[in-house]
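Heads up, there are several structures right after this.
Both complexes shown next keep chain A, but they swap its partner, so chain B is in the first and chain C is in the second.
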Partner chain A sequence: MTPFLHRVRFHWILLLLAALIPLLELVLPPGWHFGELLRPIFLMAILGLGLNILTGFTGLLNLGVAAFMAVGAYSYAILTCDIYPFQLGFWSATGLTVLIGLAVGLFLGLPTIRLRGDYLAIVTLGFGEIVQDVLKNLDTITKGTQGINPLPPPTFLGYAFTSEKYQPWYYLFLAFLAIVVLLNRNLQRSRVGRAWISIREDELASACMGINTMKMKLLAFALGAAQCSLAGALWASFLGSSGEPGNYDFQISVMAVCIVIVGGMGSIGGVLLGALVIMGFSRIVLDNFTSFLKAHELVSSTNVLAAPGNWKYLLFGLALILMMRFRPEGLLPSRQVRAELHPGGKSEARNP
Partner chain B sequence: MNLLEIKTLTVRFGGLTAVNTLDLEIQPHEIVSLIGPNGAGKTTVFNAVTGIHEPTRGRIVFKGAEVCRPFHWRTAASLAFFGFVTGNILVFAANIEALWEAAVTAHYQYLKPFPWREAIASVFSYFTANPSAHLEWPLGIGIVVGAGGAYAVWRQSRRAPEIAARAGIARTFQNIRLFDQMTALDNVLLGMDTQLRSRFWHDALRLPLFWREHREAEERAMEMLRFVGLEPEAHRLAENLAYGLQRRLEIARALAMKPQLLLLDEPAAGMNPAETVELMQLIQRIRERGITVFLIEHHMRVVMGISDRIAVLDHGEKIAEGNPQEVRADQRVIAAYLGKRMRDE
Partner chain C sequence: MSGSEVFLQELIIGLSNGMIIALIALGYTMVYGIIELINFAHGDLFMLGCFCALTLVGALGLDQLAPNTFGVRGGLLLILLVTPAFCGGLNWLVDRLTYRHLREATKLAPLVSAIGVSFVFMNLGLFWGGLRMAVFGMGRAAAAPKDFPVLISNDNLLGQSAVQFTAKDVMVLIVTLPLMIALTWYTKRTRAGTAMRAVAQDRVAAQLMGIDVDRVIGQTFFIGGLLAGVASVVFALYNNSIHFQMGYRAGIDAFTAAVLGGIGSLPGAVLGGLFIGMARAFCDQYLATRWTNAMVFAILILVLVFRPSGLLGAKQKEKV
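On to the complex of A and B.
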C-alpha cells in the first residue's frame, strides 16, 4: 500500500473507478467488456457491507447472511411478480423489502442477541438452513424449488431496463452501492459506529460506559439484515426471478464472510476490495481460466479442473489460510490502523 | 446525605464468599480508599457497585435509590408489546398457508384487479370459523412466551453495568480495558455517549443534530484529554499509548461520562514514582471538579497521601475504617498486612 492510498478515502476511489468502466468500453475493442461481469460484484459488495456491520463493526459472527438475502429476494419477487396480487413497482417493492429485512433481522436478533461468539454463529447458521427449508416447503406461496418468475424489469422515470443493455443496470447497482457505502460510512464515523466498535473491542467496558449493548447489537442486526435483503432484492430484479431456495445456501454466506475477512474487517473500502477480489476471482478469472482450458483441450471434460465450482472453494480456503497467516487485518485494514501507521494525516485519524 | 451506601453486601461465587456483609458509606466530595491484601475482595466490591456482579445479599444505594433498573410503566408496556408481537407472529406462522389460500389463491385471477375487500373478509371468516385453533391458542402461547421471555431477559439485565453508568457511577479497571483499536479521542467520545441524543438516523443521514453534537462533543473530549495531559496523543490508537498514558486515558474516558462517583481500580499500579505523584495530583484535581472518588490502591503513599477515609478489607470482611492515621495504627490492619507476631498467638 502506498501512502497515497492511505490518505485518500479508498472506497470513493473504487466507486469512482467503477463508474468509469463502462465508458472505457467506448475505446476498448469488443471482447474487453468487464462491466457486465461487475454487476454481481456490486450486489455481493452490498451483501458484504451488511455483514460488515455485524461482523466487522460489532464483532458478531453471522454465518447466515444468505438467509437475509433470500428473504429479500423472495419478498421482492412476491411483491412484484404478476402471479401475485401486489404487483408493486421496483422502487416501492425494494423499499418495502428493506423494511421486511429490518423486521426479520429484529425477529432473529431479539431472542439470540444475548448469545456470544461461536454460539451466535451456530444460531445464524441454523437460521440460514431453516429459511431455505421454509422457502422450499411453503410452496403455495413461494412455488417451492421452481422459484418465482418472471419478474418485471425495474423502471426508472418511465424507462424500463432491458437485458440487452447492461449499462443502466450497472449504474443502478452502482448507485445503490454508493448510497449504502455513504450510509455505512456515516454510521461508522458517528456515535453508533463508535458504540459498535467498542462492543467489538470490549463489551464489558462498553457497558460500563453506559452503552446499552443489547440495543446496539440489535440495531446492528437489523441494519445488517436490511442491507442483505436489499442485496437480495436487487439480485432478484437482476435475475428476473427469485431464484430457487438452494441458491441462497451456506456457500453464499461463506462467500460474504470471505469478502469481509479478505478485505479487512470493519473497513468499508476493504469490503469493496474484498468483493472485487473474491467475486472477480470466482466469476471472471476462474470462469475464463476453465473455459480457456476447455477450449484448448488441455484437460478432458471429466477432469476436476474443467468445472470452476469444483475447486473454487479449495482456493478460497487456501486464500483465507494465507490471509490469516500473513495479513490478518485484511487487504485494506480499517482507518484507525492506517491512521496509526501514518500519524501525519491528522484529519484522517479523527474518527474510526 | 450519603452519595453511595453499600449495605450488608455479600457476594458469593459458589462456595467462595468474596465479600461478606460489608457496610460502607461514601459522602459527596470525599476520597475514600479501599485497601487490603490480594484476594481480599476489593475488586468484587467495585464489580457489585457497577452492576457487573449480582450481590448475593445486600443493597447498593446510590443517591438514595438502588442501582438497578426500576419497573417502570414503560417496562410493562414493552413486555406487553413483545407478547403481542410474538403472539401475532405465531398466529401468522401457524396459519400462513391456509390464510394465503383463503385470501390470495381464492380471489386472485391472473392479471385481474385484486378484490382487497373480499380477501380481507375471507381472512376474518377464516379466523371466526375456528377461533380457538386458528387464533386463540397460538396468540395465547405467543403472548405467554414473548412476554415471559422478555420478562426473563429484563430480570437478568436489571443490574447491568449500563444502569450504574447511567446513574452516574464511572469506573476504571485493574487491568486496563481500553478500546484498543480506537483512537484516544474516540475512547473519550465513547465515554460521552450517554450525553448524546442523536439517533442512528441522525447519524446515517448527517442531520443537523448530528453536526451540532459532533462538534460540541469533540471539543469537550479534547478538553477532557487536556485535563489528563493527553491532548498531543488524541489521534493515536489506545493500544499504542505508553502504559501510564493508557491509565490516564482510562480516567479521561470515565470522566467523560460526567459521573458523580468515580471508582478507580488500582490507578497507580505499575507506575514509577514521578508518575505516581502526577496521578495523586490528578486525583486531587478530579475531586476539585466536584467528583467523589472511591479508590482501590496498593501504593501506600498514594492511599495515605490523598484519602479522607480508608476502609480495610481482609478475606471479604471490613476490618477497619477511619482516617489514614487511625488505619495506620490499627493492630488488625498491621496483622492483615504483615502477619501476626508469633508471640501473640
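On to the complex of A and C.
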C-alpha cells in the first residue's frame, strides 16, 4: 500500500480530502459533522511540521516546541490587542510573528547548536520551561495567568472571522497548512534540504563533503522555530486570547514529538497523518473509551479512570515506546529513513 | 531571626534537600556513564517510589501512630527496604523491556523511549492517587497533592534557638551518607563494581574480557532505581507532600546536578546535588521563589553550553 501512496503524494490527498469535508457536511446528516474538530489538528500539524524540519530532516531532537508556540502566541497577542500601542491587523501581525519566531530561534540556536544531540534536546527543554516561567512572572506585560485578551478577529478582504461559523476558520487554517506543506516540500527537495538529510545520516561525512553543518543546523533550528510560532499566532487568533503560560507546557512539546515519531520522521505526509492519529486518539478514542467504561459500570463516574484527560500521558508515552521499539520509521516513512532502517528491503530495490 | 540565623537555616534546608537531589542524581549519572542515556523517566520513578511509600504507610497503619514511637520506626525501616526494592525492580524491568532492544539504534531512540516511559509513569502515578485508601483521601481527587503523614517529629533539637534543626535533618544525613559510602565501596572495591566501570569505559572490550554486558547494565539500572527509592522515602518523610507531577521537577533538579558535577562521576553528582539544593534554598530566600525553577534551568543551560564536562568530569569526545 505504502509505495503506491508515495507515488501519488499522500500529503496532497489528505489536504484535498480535508478541503472536501465541510462540503460533504452539506449533504450528510448532523450526526456526521466532525469538521469543527479538525481545526486544532491543522494547527498541530503546522507545529509538527516545524518540529519535523529539525527532528525529521536534520535529526536533532527539540523538546521545547511549545515555547516557540508560546512566543508566537504572545507576540501575536501583543501586536494585535488594543491595550498595546501596535494594534496591527491579522496579516501583518502574523507575518511579523513568524519573523520574531525566526529571530528567537537564531538567538537560542547560536550558542547551543554545536551541542551534541541529547544535550541539545535538554537545552530546548530547559528553554521551554524558562519561557513559561518568564511569561508567568512578567505579569505587567503578559498579564500573568490571565493571558492577553480579547484579540480582534482576523479579517480577509473586509470579511471578519467570527465564532458563529466554523467553515471560514477551517479554510483559513487549511490554507495556511497547505502553504506550509508546499514550503516544506520545496525545502526538502532543495540544496538546503538535501544538506539537512545528509547531516542526519552522517554529520561527519557531510562536513567532509563541504557542507557547513553548523550553518545548516542553525537554519533548520530557526526555520522550525518560525513555523512553530506561526502555529502559535494562529492558535491565539483562534482563541481570541494568548492563552495562559501553562497552556504551552512540556505536554504540548511531547505531543508534537509524538506526531512526528508516529507519522514518520522526515515525511511530510507522515506528519499530517501523525497529527490526525494523535489528535484523533486523544480527542475521540479516549472519550469513547471512557464513556464505554462508565456505561458498562466498570468504573464509577468519580473514579480517576473515568475522565478521558487522565489517560493522555499513558497514550503519548505508549505511542513513543512502542513506535521506537517496533516501527521507528513511523507509520508513513520517508523513503530514505525506511531504506536506512531496513537495508535490502523492498524500498531499497525500488530506488534508482 | 537575625541575618546570620536566616543564612544558617537556609543552609540546613539546602543541605538536606541537596542530599536527596544527590541520591537521584547518582541514578542519572550511573546510567549515563554506562550507556550514555539520559534516563528521562528517573524522576518519575522517584515519584512512584513516593506513592509506594505512602501506600505502605497506609497499609501498615503508621498514620494512626504518634511520631517517633517504636512502631513507627519499625514500620519506616520496612518501608525503607520495600520501596527501594520496588523502584530498583521497576527500573530493571523497564531496561529489560525497552532500552535493551535499542542498544544498537541511534542515540535518540532510547531517549525518546525514556520520555515515553516518563509519561507512562506519570499516568500510573495519577491512577495510583485515585486508590481508595484513607492516605490518598479515598481517591476522590486523584490529581491533587497528597499529604504524607508526619512520622518524624518536627521538634527543634537546638532547643530555644530560632534556627530549626530537627530529627528530620538528622534522618536525611544518617540514611544518605552511609548509602553514598557503600556505593563508592561497591563500585571501587567489588567485582561487580569493577565490571560496571569496565563496561562504562569500553563496552566491546569489556565483552571481550568475558563480562556479561547486558547483565551489568541491568544491575546499573537496578542500583540506580534503588537509590531513587531511598531518595523517595527520605523526601516524603522530609517534605510531607507528594504529587504525581513532582517527578519532572525532581528529575530536572537531579539531572542538572549530575551535569554540573560532571556526568558519569559519582562524587560529582553528590557535589552537584548539594550545590543545587543550596542554590534553590538561597534563591527562595534571597531572590524570589517564583524564579527558582527558571534559575535551575538557566544553570543547566549555561553548564551545558560553557562547560559540558561539568566540575569533576573528564573532558571527553563524542563517541562516533
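Just so we're on the same page, the second predicted complex is superposed on the first by the 320 of 352 C-alpha atoms of A that agree within 3 Å, B and C clash if a C-alpha of one lies under 4 Å from a C-alpha of the other, contacts with A are read in each partner's own complex, and residues count from 1 in each chain.
In the analysis below, a residue touches a chain if its C-beta (ideal position, glycine included) is under 8 Å from a C-beta of that chain, and two chains touch if they have at least 3 such contacts.
Fair warning: this is a prediction, and the values are worked out from it, not measured in the lab.
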Classify the contacts of A:296 with the two partner chains as first (chain B alone), second (chain C alone), both, or neither. neither
With the two complexes superposed on chain A, say which partner A:130 touches: chain B (first), chain C (second), both, or neither. second
Output check: A:318 vs chain B and chain C. Expected answer is one of first, second, both, neither. What do you get? second
Touching A:165, do we find chain B (first), chain C (second), both, or neither? neither
Just chain B (first), just chain C (second), both, or neither: which does A:111 touch? both
For A:204, using the defined touch cut-off, is the partner it touches chain B, chain C, both, or neither? Pick first, second, both or neither. both
Pick one for A:328: touches chain B only (first), chain C only (second), both, or neither. second
Share the list of chain A residues that count as touching for chain B in one structure and for chain C in the other. 111, 204
Would you tell me which residues of chain C are touching chain A in their complex? 36, 38, 98, 101-102, 105-113, 115-124, 126-127, 129-130, 139-140, 142-143, 248, 252, 255, 290-291, 293-294, 297-298, 300-301, 304-305, 308, 318, 320
Listed in rising order, chain B residues that touch chain A in their complex are 50, 52, 82, 89, 96-97, 100-101, 104-105, 107-108, 110-111, 114, 119, 149, 153, 157, 160-162, 164-166, 170-171, 173, 177-183, 185-186, 189-191, 193-194, 196, 198, 200, 203-206, 210, 213-214, 218, 235-237, 240, 253, 257
Quick one: in the complex, what on chain A touches chain B? 82-85, 107, 110-111, 114, 138, 140-141, 183, 186-187, 190-195, 197-198, 200-202, 204-214, 219, 223, 334, 336-337, 339-340, 343, 346, 349-352
Interface with chain C, chain A side, in the complex: residues 59, 61, 63, 111-112, 115-119, 121-123, 126-127, 129-130, 133-134, 136-137, 204, 250, 254, 257, 261, 302-305, 310-314, 316-321, 324-325, 328
